[in-house]
């Protein structure tokens, strides 16, 4: 099996492409829509919005999520906000500027047409969410409030306190529940997708495990949507929810979907530092804090004084010093690397020495504690609960952590993967953020894909296929189910000495050390040798208690970690062959004299799309060349 | 520090459960409560025992997955905190704690500390939304909303659906949950067209699900990790009363009659 | 389609009473009536401290205005009946069934003693009302032969049976706690809750419960302590 990459970008000028595509799309007659079945895996912003919108259109939708309710998808944890080119602040924003900021923020490694469409529909998202009753922050005049975010010089971020993701997700969830009540969507909570079923070259169904009874079921449809989020948990410690996993997209990859740019993983600059080896996850402090907080470390190495004892003259506000134009609002990859650098220099703070201060003293002095409380009250409380320190009095300590994955399954302009009928939305795909995502753009992309792209492109796909044609009795279904059964049996039969978490930690440590904020050939080669070793031991020595026909959280985890162990290798391999630095992918060999990412547009102006060729076989690399007709390729400069 | 935990163990919904005592040494004050249970579970797995099942996901207090009773209090002793954000510095060496699932007829135990809260989804499906299809609504700023209304709506909307209110209520009532959604939407102009219908349908579904009635104890408000106020229940009662008294049957199609 | 139909047509009035919030509203509205009654009843009875003439005249006034007395009695009895019926149904049909497996350990965070004992103070007060009617209205439970005038009827009633006086006081203390939770609660049920006023409502209901409790207890207490002398 092999694929060719056709991005199916409509012809014509950039700003007319989406309109042209929408006009060219074939349509499904309203009375025929109910004859089509669509499976949607994942119910976060992208999946929830897609399932609800497709249900509204009249398709039969089956939605799946591993949580106990669609309202719990990890989109809920996004704090800061959502970007939209509304230009309500009259500060020079436009669709063109949001497009440009996103392309530039992604260090020119995203597809122009997709990003432009994202910027175009961003304005509809805000309208749609307000109509649903999302309680965005407002000004006294009753209009919507905006804040600014990293990587932008305009205020275009809409927010609902520090719970923007929650409120947007609840909007999508409520729309979804409305369709469930109307009967157009059937919801399967606590169901985990364990394999994709491909029949005659088309994605036709999935194998799911009922996580309460352990029963395996096959569901068949005319098209499958994966909106299952990113693979940031490959690092073990990340800001992702514990359940976030790569299984759905990895299984699809193994069935023929190309995996694009797996090495583009974002490290978020503002997380609460690790406190001990029992640490189960890292907690993000919204990037919006950088609006009013100043980041600094002591000038001297190994300074053990407390923050209040260090006089102003002995502090290094390193972001303000290095990037005066953007200062503390420099993009995420740049801020993260800068934090790593000062900690590597021995100027980190906290007991571990892996931390920098995020100081609000100046803002509290200027605006008063009440203003700061109104803006960030819940974040400050959260910080205090976790660390036991009061950030109104002592500066927060923060450190970067794995947060988001720009890479994912390759999709064309229609959001279809290399498997016809398999659509991939949101963080699970690779489409819009290039090598680095700007703050408040993930929510925008998830909702754009779910509300405003897939309803059109799905119709176009379905209009060209006959509904039905295969059922659960097809031999491919039985084969897929048997494969999953075998795998479960194998896991339960190993009965080794190490727990699933131990293997996951080990893998995460290798990837964090060798393929985290800074990467080099030597380290990557080491990781490429080490990961297969861990994987080998895993299959011999992992211990999974209990049985397959009950609620078994260890069994759920072991399957996910098995997939991370394969994906991890691909991630490192991708980082190894991309011999340039771009965005979040920082190869230490390729940097400017000032230590900034040095792109190689001659050789690497492409998306790397990997094709799976078999277990323990080298995957095949395909390249989708990126052409920039509307922006000028330039060195990113945030000074 | 060293703790003694009495944990409710129940293999499945149909089997009876019981309290089992565990000794947990080596607890660091920087651990979260769930990390402390992780440590216990790692030990149980290595011993060949069944680990304790508890629901959790984001571990940053927003997804609403986690939650069980610690010494008879949902999410434990720290106010305004989900159990995933509760840290062990809140406890002291030698403490003996009782961990139980949230208990209610409407929240059957699935396993150990993990319960089925799908009743909440069905209540939302009965009317906890604004009926607007995806499309091209009016410009977001064409609908000015008083800042205070937006803020109060946001207060109510911050409910995470964890079920602590039900767990804390001596009547296992879900009024705080339902009223939070009714307030979130009822305080906004977008929620007005369906306000009556929402109150009637959501409360009818609440009753279907075998939650108890509100007797104004206030335990729910105290236990809520997100600080949802009893004021919302009063607003819901108001909405219900108005809806029940002013309700008239939908006119049949045609209009001429 | 939807699993929840909006109640329609003729069943609507019944639906109000079928819903848990509707029942609470019925309890709140009847609560207002009963709350008015206990206030007037207490003020009327406290006239006993103004001497036999005043209280006897008050009794006579009530007896002679049958056209006022009976409608009032019917409204009150209906209110009591509805109040009890709603409470009984909510408790038995909803609340007791909502948590079939009890907690091994359960803490009370903020609920008041008054709130937690409503389910007991209610029935005891209800029993007291029946006894009180049999005691002083229909006289079936009156000890011995009653004097003709209201003033001495009360004094003999308690002096011949000090246990009755003590039961009156216990029941009225429970009534006080019932009112304390009940009065603020009825505001909440009827939808009145505002951060500015609710603290006052709570303080007011505490005060109200205290005044009614003390006022009503003062009569049997005064009789037992012989502060009120017999005049026959």
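In this document, chain identifiers A, B and C correspond to the written order of the chains, with residue numbering beginning at 1 in each.
To be clear about the criterion, a residue touches a chain if its C-beta (ideal position, glycine included) is under 8 Å from a C-beta of that chain, and two chains touch if they have at least 3 such contacts.
Note that the structure is a prediction, hence the values are computed from the model and not measured.
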{"item": "Chain nearest the global centroid, as defined over all protein CA atoms shown", "value": "B"}
{"item": "Chain at maximum distance from subunit C, centres defined as averaged CA atoms", "value": "A"}
{"item": "Where subunit A and subunit C are represented by their mean Cα positions, the distance between them in whole Å", "value": "61"}
{"item": "Euclidean distance of C-alpha centroids - subunit A vs subunit B, Å", "value": "27"}
{"item": "Between subunit C and subunit B, distance of the C-alpha-averaged centres to the nearest whole Å", "value": "35"}
{"item": "Touching two or more other chains - residue numbers and ranges from subunit B", "value": "126"}
{"item": "Of all residues in subunit A, the ones touching two or more other chains", "value": "181"}
{"item": "Touching two or more other chains - residues of subunit C", "value": "2-3"}
{"item": "Sites on subunit A touched by subunit B in the complex", "value": "49, 52-53, 56, 67-72, 74, 76-77, 86, 88, 124, 126-133, 135-144, 160-161, 163, 165-167, 170, 173-175, 177-178, 180-181, 187, 189, 212, 239, 241-243, 275-276, 278-281, 283-284, 381-382, 385-386, 388, 451-452, 455, 497, 499, 501-502, 543, 545-546, 550-551, 553-554"}
{"item": "Subunit B residues touching subunit A - in the complex, by the definition given at the top", "value": "11-12, 28, 30-32, 34-36, 38-39, 42, 44-46, 48-51, 53, 55-65, 78, 80-81, 85-87, 89, 110-111, 114, 116-118, 120-121, 124-126, 128-141, 143-147, 150-151, 153-154, 157-158, 160-161, 184-185, 188, 190-191"}
{"item": "Subunit C - residues contacting subunit B, complex", "value": "2-9, 12, 15-16, 19-25, 90, 94-95, 97-111, 115-116, 118, 181, 184-185, 187-195, 198"}
{"item": "Complex contact set, residues of subunit B against subunit C", "value": "6, 8, 19, 69, 71-73, 98, 100, 103-106, 122, 126-127, 168, 170-173, 197, 200-201, 203-208, 210-219, 221-223, 230-231, 233-241, 244-245, 247, 249"}
